[in-house]
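In what comes next, chain A is part of two complexes: it sits with chain B in the first one and with chain C in the second one.
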Partner chain A sequence: MKKIRVVMIAVLAFTQLTGCGAAGGNAQQAESSQATGTAAGSSVFDGELEENVTIYVLENDTAISKGYFDELIEAFNEAYAEYGITAVDANMDQYLDLANDGPYGYGPDVLYQANDVIMQYAEDKHIYPLPAEQLECYELIDESAWDAYRIEVDGSEYICGVPVNVQAPMLYYRADLLPEDWESAWDENGNQVPDMAESWNAMYAWSLQRHEEDSTKYGYMKSLYDTYFSSGFLFSYGAYVFGENNTDPSHIGLAAGEAEKGAWVLSQLASAMSEECIDDTITANAYSKLADGTYFATISTPDVYSTFFDELVMAYEGEGMSEEEAKAAAEENLVMTTLPMLPESGDLTEENPTLIESKTMGGINGYAVSAYTEYPNDCLAFIEFATSYEMVVKRSEMLGIAPARQDAAETAGGTSELLYQSLADGNIVLMPSIKEVAQLWTPAETFFTDVAKDVFRSESERKYKDLEDFRAGLENMVQQIHDAIFTLQ
Partner chain B sequence: MKKKKGFWHGMDVCVTYVLLFAVAFVFFFPCLWLILASFSKSGSIYSFDGFFPTEYSLASFRRLFTDTALYDYPQWFFNTLFVAAGSCVIGSFLVILTAYTMSRFEFKARKPLMKGTMVLGMFPSFMGMIAVYLLMTQFNMINSLWGLILIYSAGAPLQYLTQKGFFDTIPKAINEAARIDGATSFQIFTKINLPLSKPIIVYTALTSFTWPWSDFILPKLLLKKRELYTVAVGLMALDETEFARFAAGSVFIAVPIVILYFVLVKNMVNGMAQGAVKG
Partner chain C sequence: MKDIFQRMKDGWKTSSKQVKLSMFIMGAGQFCYGKRAKGILFFLLELCILYYFFSRGFRDIAGFFTLGTTEADAWLGIEGDNSVIMLLMGIFAWIVLAVFITLYRLNIRDALRMQRRLEQGKQLESYRKELSRFLDKKFYVAALTLPVLGVLVFNVLPVVFMILIAFTNYGGDIVPPRLVDWVGLANFRKLLALSQFAPTFFRILGWNILWAVLSTALNYFAGLGLALLLEKDCVKGKAFFRAFPVLAYAIPGFITLLAFKFMFSYGGPINQLIVGNGGMAIGFLDLDAKWTARLIGLLVNCWISTPSIMLLATGILANRDKSLYEAAEIDGAGRWKQFSKLTLPFMLFSTLPVLISQFIGNFNNFGIFYFLRGGLYLDGYFLASDTDLLINWLYNLSIDNNYYCIGAAISIVIFIITSILSLAVYVKSPSYREEDTFQ
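Now for the complex of A and B:
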């Protein structure tokens, strides 16, 4: 019996000792990092590179699959070979869980994520505040992009991420599906850009006409429940998410200004779609339906351009074109551009309307440094390298992203420049970076779903008959978001 | 009277077959749909004509094994095979030993142990996930396929009751006769009981293999690196536009388990039949 006890004690002691291994060490280090992280600002960034180490970088899937990430780490490793610093792929799911995995040493050192994700980590001190002003790109990135990564703690402001690219909804349409007479009948200002791409009124009219000519075809199609895409219609008429520059959750502005006109626009657009606009069917099938010509246009983010492109190439090949011909045709016919303008009145049937700019909800993707890294200076060096002009231009060329750096956006031209301009003009409303934004999605989706569904109800059952009804619906949604924030949190 | 009986018998057979076909259809249709979808040429679920694809090709399977830059299916497949095979060998060994011990040996803590393991086996395995995660971080076994094998194998003996039931059916008189002839406990186990237990060993090996083969929760919890994913975790990590790859991956993962079943089922049935005659 004594022997058994001795063996058991030995086993327990062994397991305890094993528990103090690397993972435990990382956890302790993380705790101390958290303690000093935001309070001491960026004191860990002392400028002295940690030599002969490996840093783990988490990139997004598109950058990896298109080969950009390989080129980036290869170039970085070559540039920092004399210090023995090697950057490698963290090889993790792009939707990581830094809060749970980081403290045990299983998170990446550098991560590339959307601003709302990074800032939620920053609020819980899983991210280091960066000495952003020291970076070469600081002056070249618009202030609004930096704002997405700003956090205030005890009266001091910190920047927790470096903006790389701007994400905002873009209009995708097929130029070869335009009516044959578009240059004479659908280009009122004669600028060689079809009216459908310039005004929602024209897009609505064309959608109705296309569906009338062939009941299996549609014009503009989009899943309207999606808050990320639909909220822009409210913003365009004066709505906003939270007060105090998206930092005050007690002030919810989704019904502010003339937001009801935006809801009305959505309702009118839904009337030219099928019932699939109520759920996420269109979001999922837009790639193939745009390719087979069922849809004329949709909206999505710029990073999925290659998916639309590949589907269209496949569709052309199915029609008998060679691979080269199909690629050339897809390049020519698949157009990605900024959103059309909206009528000031909100009436899509108005002739010769006064047009206003469309605003959209957007995000800024960027790099951040994990608070659990042992090599913060190397991580900063990597970020400096990855956000240099050359690398951002290469990223834009290979992935089709819109750079947050002004000089890179100008070099990229086209859509990238337009997006940068939209950001600078305030037409891209950045997704709030505070935790309370989590309570926004469900009530907003319920409202947008209801607006889309209403079009398909019988006349007597309709809930939204005039602007007053839309306003009441919006106010109800705002109340629900408010209750969710202050009851559940 | 005979006619009436024949009529009811015919009706009975007819209704039974209709019901069997209906149930078989309910279970078979999703499988058929997935198999056909995996051969879809377009690769998009939305290009189907009704339920089924309009054109077929092997492109999805080709991509599954050649386009591995982001989704390394062959590596995931190997990882799954490694974990399932490892768990199968170690787990089966432990289950058989546990069941044999509980069936053949009388010792003081036998009853409390049996009750304890039965109660513990009733708790769903995911209840202990947080504890498992914390323990594995302390043992430095996150991102380790051996960590998975350890947990699957260590948990397997809790499910020993079926195997114990089988050992209980082998007459103890055989063991006693062997012992009189001078055989040791180890010899009795290896030379007498194991050869008689072929069907239950095959059953145990199959179940020990299939659980890790298709499990999602534990690998998702413990494997953070993409290169270490099992197929279940890898398929879940696919982008929403990768339906064709998902369908092909789901179909292909079923192949080894089907082969294994057809290879081993003969032993199971033969063994069971032999057991029946002996009994």
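Now for the complex of A and C:
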């Protein structure tokens, strides 16, 4: 693999320097910035549109497949037709490598990525700092979302991306699979929201009951190895990823606070699932199993709502409903909401527990401008257009995303608003934006897999018998992350 | 050294003024001897190369040593130096220099040959005669010049580039736009420092050797067995059965591996069958499944590799001397004797180099456990799992962290180990020592 990479770099670089590749210099752009000594990078955004050019935009695959991106570029191209500016699909893998491709002129001009990806590029100045405060959306987006795109270089602070939507795990459940007596037996506070959606204790109890009544059915199901979804249980009890606001990899905080309680919660939830929670089986089957009623609930990101919805519609149609009836039933029964609250003690069997807010790992997806573009002002215009109220609302409608703009979140209502609020309340822990985060996943996945597997081991082989064992496991994971980051540095 | 200078001195004394001229201006001697077209051709080549060196070649050679002095900054519009490209173009410049020296030598030898012919009272050869002599006696030079140039640029250059990376600090945080530096043997010293992880290293090395031996033997005998089976007269539909394994061979390896991963997962068809029949789901590849996972790895690798061995064996078996088998049968040798005394030695003689390459391939088989059971760090292992091979472990330690320099250093070490092993086996083998046994 490395050999291929090296050969590719060699051939790319060779063709580039012998004149066979596309040029991607931008020296002339920024000469002015040097001369004026203004905030680096931003000065390339002088407000003068580059006319009669084509800009390449990298969007995410869902936006392309659901048709949103076509509508966006069509609307933009129409709005900017008088300047001869055309935005087109960069037509490349969404997991691009701007650091290696950009300098040789192969990257997109505008890219839509998660904050951690964009900010890793920002560290090496592969993307431009933006004049964010000049954008119409600036005041309408929560400060914490902008923080995800802030970087300090040589004592100055810059913003390198424009937040579009908030990504965080959401609870999906089927209202029609609730017990018939849920309003009397499973709505303790009488707020017409089932307890399962409000407390993990109730979800756990219902999961056990459902499986006991029919051994082929389950309550809450999720592949627990997935760090993105499972780490939130640790965060809720005081854990964090890196110190100094996720910027200091020498302080790894996944065992901090009472994180062991979060691991214990995961272990208890696993005991109400099948062995499939150990690997990725549940993640792969969640759409169809929620639709056929095998699972009552799962967690996933908001952008896959439409996939859950389509599967449920198909399942209802299979049961004999017409298309319209099926859609109406799916709309009514498929509920996406924020995660239930956790017991302060970590004990899911505790009666009348004191509840605390669930925290989740999340991300902010947004737009950024490649530092290798020749048309920065057109790129900024595209971003301004794509983050306008109309386009973000349309994006939310078509893709089910939760907007980062307050006005769009309010218009979208429901979970989008809840998610916006979660972000503002600090219940969404943003993924670190430093390179070292790449070393988090394997050790954490191993630990979460081990916790899930442990439930299915025989009593004599079990590794996690009390909170001390969970703490030891977490500390081992932290040590592995530390080793992975620092061994060869 | 003294000899060389003496020869040069003698050469200078005995050479004609035309040859001396060629030493200063390529093609000048040929031009003076009346071979103007050839002289101009040499001169143009010299001009091109000198143009290259003055326009960028000397700068590239200097860049090869410095690896850049100005860091690029896209925000400030400072284009800066790209160390990786400077290294690459530096190597290219050295290759051009080598080509120039070769051409220069050719130019002088050609001029000398002309001098000698004239001294012997012979006429200079016409272009046509010279060309036909060249094509007749040195056809290989004519045929191989362009391919060799291609190999130099597209093969040797990246390989040299990769080797040199092992002596730099390229990787981690030091990637363009940051400037890369030469660090000598520092990366190899870091590898030695990894000795603190010796228990993991030896545990993985032991499993790696066992894996390489078992998988090579399994694939080889499965392929040979299949070829022998399909050679039997009693087997009907041979073409179909021969084509069938090829399908497994034709499917990209990682697709096969992901398919097997799914089959052995908790929600896969095998566990569905077990659970459907009232059994408990088995974690074939999960974190407790050390030997089950290793066995599945061996079998899946066998599934992927057997067809190629089968095809190879089918071809080789077709060339067997059937009379030997007839004679053995008359002498009362049974099937096993015939296999062990005739078929196997013949096959081993013909396929030992392939077997060695299979062994090396399996020793460095990165994909099998990366796709089947990647993403686990287990207790008792330092950043590795109990199915990881050395290459997987070193990947976790180096490339996963983008430490290209360490990766390159490790590649060199693995290359040295495997090449010593394979050379040692090869030179001891009958394929090398008794080349004419089956001729």
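Assorted remarks:
Here is the rule we use: the second predicted complex is superposed on the first by the 448 of 489 C-alpha atoms of A that agree within 3 Å, B and C clash if a C-alpha of one lies under 4 Å from a C-alpha of the other, contacts with A are read in each partner's own complex, and residues count from 1 in each chain.
FYI, a contact is a pair of C-beta atoms (placed from the backbone, for glycine too) under 8 Å apart; a residue touches a chain by one contact, two chains touch by 3 or more.
These numbers come from a predicted model, not from an experiment.
Which of chain B and chain C touches more residues of chain A: that partner is C.
In the superposition on chain A, A:Met314 makes contact with chain B only, not with chain C.
Applying the stated contact rule after C-alpha superposition, one finds that A:Glu188 touches neither chain B nor chain C.
Contact with chain C, but none with chain B, is seen for A:Ala99 once the two complexes are overlaid on the shared chain. Once the two complexes are laid over each other on the shared chain, residue contacts for A:Glu332 go to neither chain B nor chain C.
Applying the stated contact rule after C-alpha superposition, one finds that A:Ala284 touches each of chain B and chain C. With both structures placed on the common chain, the touch criterion links A:Lys435 to chain C but leaves chain B unconnected.
Common to the chain B-facing and chain C-facing surfaces of chain A are residues 284-285. On the chain B side of its complex with chain A, the touching residues are 42-47, 69-70, 137-140, 142-143, 224-227, 237, 239-241. By the touch criterion given at the top, residues 72-79, 82, 84-85, 88-89, 92, 153-154, 157-158, 161-162, 165, 172-173, 175-178, 190, 194, 265-268, 271, 280-281, 283, 285-288, 366, 375-379, 382-383, 395-401, 403-404, 406-408, 411 of chain C touch chain A in their complex.
For chain A in complex with chain C, the touching residues are 1-3, 6-7, 9-11, 13-14, 16-17, 25-31, 33-34, 40-41, 44, 99, 103, 124-126, 128-129, 153, 274-276, 278-282, 284-285, 371-372, 435, 438-439, 441-443, 445-446, 449-450, 453, 457, 476, 480, 483-485, 487-489. The residues of chain A lying in touch with chain B in their complex are 15, 18-19, 21-24, 61, 64-65, 67, 91-93, 101, 104, 106, 284-285, 287-289, 292, 304, 307, 311, 314, 318.
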